[in-house]
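Next come two complexes built around chain A: one with chain B, the other with chain C.
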Partner chain A sequence: MAETATTLPPAPAREASRFEVRTFLTRYGAWIALTLLILVNLAITPNFATWQTLNVNLTQVCAIVIVGVGMTLVIATGGIDLSVGALMAIAGALAPLIFLGKLFPLPHPVIGIALAFVLPVLAAGALGWCNGWLITHLRIQPIIATLVLFIAGRGIAQVFTNGNLQVFNLPEFQFIGLGRVFGIPFQAILMVAIVAAAAWMLRRTVFGRQILAIGGNERAARLAGIPVASVKQRVYLISGLLSGIAGLIVIARNSAADANLVGLGMELDAIAAVAVGGTLLTGGRATVVGTLVGALIIQLVRYTLLANGVPDAAALVAKAAIIVMAVWLQRQGQR
Partner chain B sequence: MHGTATLKTLQTIGRFGVLLALVALIVFGWLRYENFLGTYNVLSVLRYNSMFALVALGMCFVIITGGIDLSVGSTAALGSVVAALASPYGAVPGLLAGLGAGLIVGACNAFIIARLNILPFIATLATMLAASGCALLLAGNQSVSVSYESGFTELGQGDFLGFPIPAWIALVAYLLGSLVLNLTSFGRTVLAIGGNEDAARLMGLPANRVKALVYVASGGLAGLAGVILAAQFGAGQPIEGVGWELFAIAAVVVGGTLLTGGVGSVGSTLAGVLLLGLIFNILNFENGLGWISLSAYWQSVIRGLFLLLVVAIQARLSIRTEETA
Partner chain C sequence: MTEEMAPLLSMHGIDKRFAGIPALRAAELTVEKGEIHALIGQNGAGKSTLIKILTGYYTRDSGEIMFDGKPAAFASPQEAQGAGISTIYQEINLVPYRSVTENICLGREKRRFGLLDWRAMHAEARALLARFDIDIDVRRPLMAYPTAVQQMVAIARAIGFDARLVIMDEPTSSLDEREVEVLFGVIRQLKAAGVSVIFVSHKLDELYAVCDRVTIMRDGRTVQVAAMAELSRLDLVTTMLGRELTLVLQEGHKPGNAADTAEPVLKVSNLAVGRKVRDVNFEVRPGEIVGLAGLLGAGRTESVRAVFGADRPSAGTIRFSGADNAISQPADAIRAGMGFCSEDRKLEGIIPDMSVRENMTLALMPHLTKRGIVDETRSREIVDRFIKRLGIRCSGPEQRIRELSGGNQQKVLLARWLCMNPRLLILDEPTRGIDVGAKAEILNLIRELASQGLGVLMISSELEEIVEAASRVFVLRDGCTVAALEGEAVNEQAVMAAMAHGQEEVRETAHG
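Let's turn to the complex of A and B:
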């Protein structure tokens, strides 16, 4: 959580103690909430401290977190990416077409599976790159530029598959969604690896500092000689690639690809996780680990309510309250 | 920073652009398809698109203030459920109930944005989830059929003076919206907030109150769209309205309203709605000719491409005006 980029101005001495409480809450609020949630669950939810509960909750958040990492980077530059759900649908529609040999004849099944991993992710990445191009070269606002693919992307996936459900049973491919390593779901390992890599990148690499600098003050970043356009372009490319991976995980988990449903509403889930995790929505300050925590909080609240007999629809209302509260607390900390 | 003159030029180009495109599309359809301008087709296009028009009108005001309202789709769903539940008591109670539900969601948005000072984007994202949750709870996770005896369905299916009632509702709303934006101090404050909120505040304009009212109005219009939805399809539908918010944003943008706020027109928003709606209509006719068979899925692809074309042209124009300015 030490990925804070902006240095806070020194507070006047008499306000020091209050200021520290606020800063503390802003920085660690998400962690405190997560800890409280786990404690509450240990107290009231039956069979909470089991391996199965952990696995269920982890597999529920994997796709959201992986997309959320890309979203965190995009939001850190002061942008937004609404196209992630549609890109998931495109990747999810392409992969079965490839390994079922409907797109082109396959010389060997293994090659088909390898291509089914690589090509859809690259396709999603390429579309993400297009988003970046619209934003940097045509200077279209991110929300509009990515709205184009939000509207058209799912349609493209549906046109590919004619809107049909593609069912398959291919353990080698489905390892990404169903496989386990030492009893831990492979997708959770993948998620942790992506989070760790992105957190390291944001904190330790020049690229990461450039992302935060652009989000903090784009004009200043440009004047300081940062290649703003190229950095932004790469950020949207990363968001696209990660959406592609998430799309593959979702279809592997379901043993079916439904272009109408894969990734539906994902952009909002990812943005919610980013907001609850403590990333500044106006850019300039971001935490990838926070996004993981944010997604876990949202998922755990839902799980707690469901496990205690509250209908799913009411959980939506709770989720709304969490988002508003998290962002409101964050604002309090900034003052 | 744009000068006022460049903004004016852009606005004019945007307005004429959408009108020209609309006229071109209508002429294309008229020449190519029989019955395209027949009474039946025209009236059903108007009937179906009136709910989108209402949602887009609210969105237009919100966007002019520099904000955004993502909650309109699920607000419409909530409105349709509430209206369907109230429909046995008659058309007017059903209408008022749906409208009221929308106003409540709008008031929540207004409170979170104007009082708690939270970004509109994230505030309305939250209320979108909450409204959708409430709609599902009220409806018991299924669609609620409306009463067919009380006359409620007239609101969606009926005609008045040979013109669909929902289209009348939308028409009145647009006339009022246009009057409010262009002729009242409220409208001028809306434009001023979008242009520069701090400046508007320093000038002593009631920025917070006007901003709050804009979100309340947007919620109310979405609730009204929900009433029409329920009346037209005979059921309150808690899971309808997915993606309406982005359709409305697209219509507003195609209409030439800048997302940065401060500029916008009610009339060209209506043209934007009709343009996006006609694309679907023309696709149907094209399939009817039998030369090609494009599935309904192409609709969103074509709409997306269309949006891309419009924003790309807008962007080129604004870059060029920046360079010459």
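Let's turn to the complex of A and C:
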């Protein structure tokens, strides 16, 4: 008995160390999980440490991360955007229509390709702006306001294409999904650039701090003179623009645009990445880099299970378990 | 009421501590059968704690409760309800989209063969409402009826058929004058039926209109129990606030200097906002501290929120710096040179997850940028300066504000406005929830700022504070400015008299 007494540190010290472990876990939990996953894979998954594995995983995760960045900003204001998948479908349906010349005659193929990049993204942005307008001006709850386009958006995309699958082979356009720069997929570079820009914006600019202030305490933010409506409006606009870009990447990768499938379930994948990454779902605390890590974790778990012969269905359960873990960890940090 | 009849309720020597801090100290409350009993006191006087102990929401630390001749210790609100004690809260806790019957029978549905027996429930709802002379179609959704009817339904639901004691916590705050009359009718009916009522309200007129006796609480103690008819309004207010009428007039004099003649920086006339503010007038000159006094619900907070553009006024003019500024939102007010520390720091002031620095520069941030990017160096300079100047105790500018004490949080919020160089600072209860030392520091700071030319408009429920700090005091009562006191006239006696009676009576008592 005396032995047990000596091995146990005094109670207050134990309390303190437990508290530190807890804060450490909440702050770096996502990074630790990612490192562990990579180590496990190096040990058990055949051919893990290859360029090909890296490329496969990066291309799988790009669209989720790009949409997730927009979602992070939206969630940072205390909102949510369910329309991202539908906006991807709309952008994905519009682009082929433009570069195939079905929408309007093209003076030159290059112009067609340029417009095919710009117009669909702007269209998705405009719809995102509409979400923001519903939320700020009509005071509709974000989940309902964005549900409108979640339901209608895919329908709109199908109306554009008469429900047809649009197949194409246009390397200049598909560069966004298939191209490589120094051997690195272009979409991965785009993803890193977007993550870096958004992370910097959130930390350093007035706009970024205003986003967090609104999510942290909207009433206080308004009384401090922050233009709440305009900030929220811009956040949903950004989420729309990024969804548009993600839509283009997906169709370029597939050499086909199927309005039924592009971005299907993306809203939930993006929200999962945000949650796992450590952004507070009630707003006020957000990390864009965390979202990147969160998306990588989800992707890697799925890859690990698949590469080791576990069926996709089981991978979905693992994904759910990760989300529960992440949210539980967050709550620990709040105490 | 006969002498030999035992009271319906007697609470004796009730003590209650929260985390070691006493909330109730030997509190007393006695309610006779069929009596309408007023329970009054300021915020934090212990009224609601006492009621919650009675209804089984909290357990008492010591003391005894006798209800209906038997010792009572209710373990839960349900138990209290079962014994015949009903509570009606300020807000109407009903389901607007469901039928009147469903609302009345919620939680005690009648069943037949496992199914809901609608016929019996409708009959019960109708019978219950008939007691209050209300004849409506109980099948229609509650929201189809006006607020007064909804309030009646809430009361009917709470009282049911077997209430012996009904507790009403500010039941009139969501009602207009006519609806209040209907409610009073109901209360008198209850009395006639032998039901007792505990009536919590801050509106003196209502207390005198309907109550038989009054229990006044202060600092967790019962300080006076009296028949309503034998207690003057002034006595009631002074007892509630804990001030003696014989108090010596405030010594010394406030700086009534150049500010007296200066153009007012803010002039508010005939302001009306919603239901709470009807006709409010006041002004603030540069370099003076103006106090807004009044009981709870007098319309002070609502008035200043309208001035700051946080709420929309329904009538009246607000002139800031002599020009008609169109202030329709807080951002406009801030641009024009106003700052506003709201009453509820947690809900409307701090952004808990952000650092001291970010909270302090929240309003200033747009001016601290180069092309949208926050200039961290300048921001840190300013924050360091204010931390030093206001003596904010924190581990550093990057500490999260929620980890600071109430007083230090308040200083950060003051600094949020001071770094903007405002011309008018509006402070709503600036020292609420702050320890004594920090309180004095904050008041000194406000005084110092005013002496440098800042106009300060201060709301406080603490008379001492208002009288000590302000050189002019406007007293509000039931949404109207009833008195403007200046110079020598700013003393606790005069302010209290105005809170109780309004301007006319003030003069009377002053002469008598």
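General remarks:
Criterion: the second predicted complex is superposed on the first by the 318 of 335 C-alpha atoms of A that agree within 3 Å, B and C clash if a C-alpha of one lies under 4 Å from a C-alpha of the other, contacts with A are read in each partner's own complex, and residues count from 1 in each chain.
The definition used in the following text is that a contact is a pair of C-beta atoms (placed from the backbone, for glycine too) under 8 Å apart; a residue touches a chain by one contact, two chains touch by 3 or more.
As the structure is a prediction and not an experimental result, all values here were calculated from the model.
When the two complexes are overlaid, the chain among chain B and chain C that reaches more residues of chain A is B. In the superposed model, A:212 lies in contact with chain C only, and not with chain B. In the superposition on chain A, A:183 makes contact with neither chain B nor chain C. Using the contact criterion defined above for the overlaid structures, shared-chain residue A:221 touches chain C, although it does not reach chain B. In the overlay built on the shared chain, the residue A:150 is in contact with chain B alone; chain C does not reach it.
In the superposition on chain A, contact of A:284 is made with chain C only, not with chain B.
Of the two partner chains placed around the shared chain by superposition, chain C is the only one that A:204 touches, whereas chain B remains out of contact. Contacts of chain A with chain B, set against its contacts with chain C after fitting on chain A, share not one residue. Residue ranges of chain A in contact with chain B, taken from their complex: 80, 82, 134, 138-141, 143-145, 147-156, 158-159, 162-163, 264-265, 268, 271-272, 275, 281-282, 311-317, 319-321, 323-324, 327-328, 331. Remark: chain C residues 308, 310, 329-331, 333-335, 340, 342, 347-354, 358, 362-363, 365-366, 369, 372-374, 376, 416 touch chain A in the complex. Looking at the complex, you find that chain B touches chain A at residues 68, 70, 112, 116-119, 121-123, 125-130, 132-137, 141, 242, 246-247, 249-250, 253, 259-260, 295, 297-301, 303-305, 307-308, 311-312, 315-316, 318-319.
Across the complex, chain A meets chain C through its residues 204-207, 209-210, 212-213, 216-217, 219-227, 280, 284-285.
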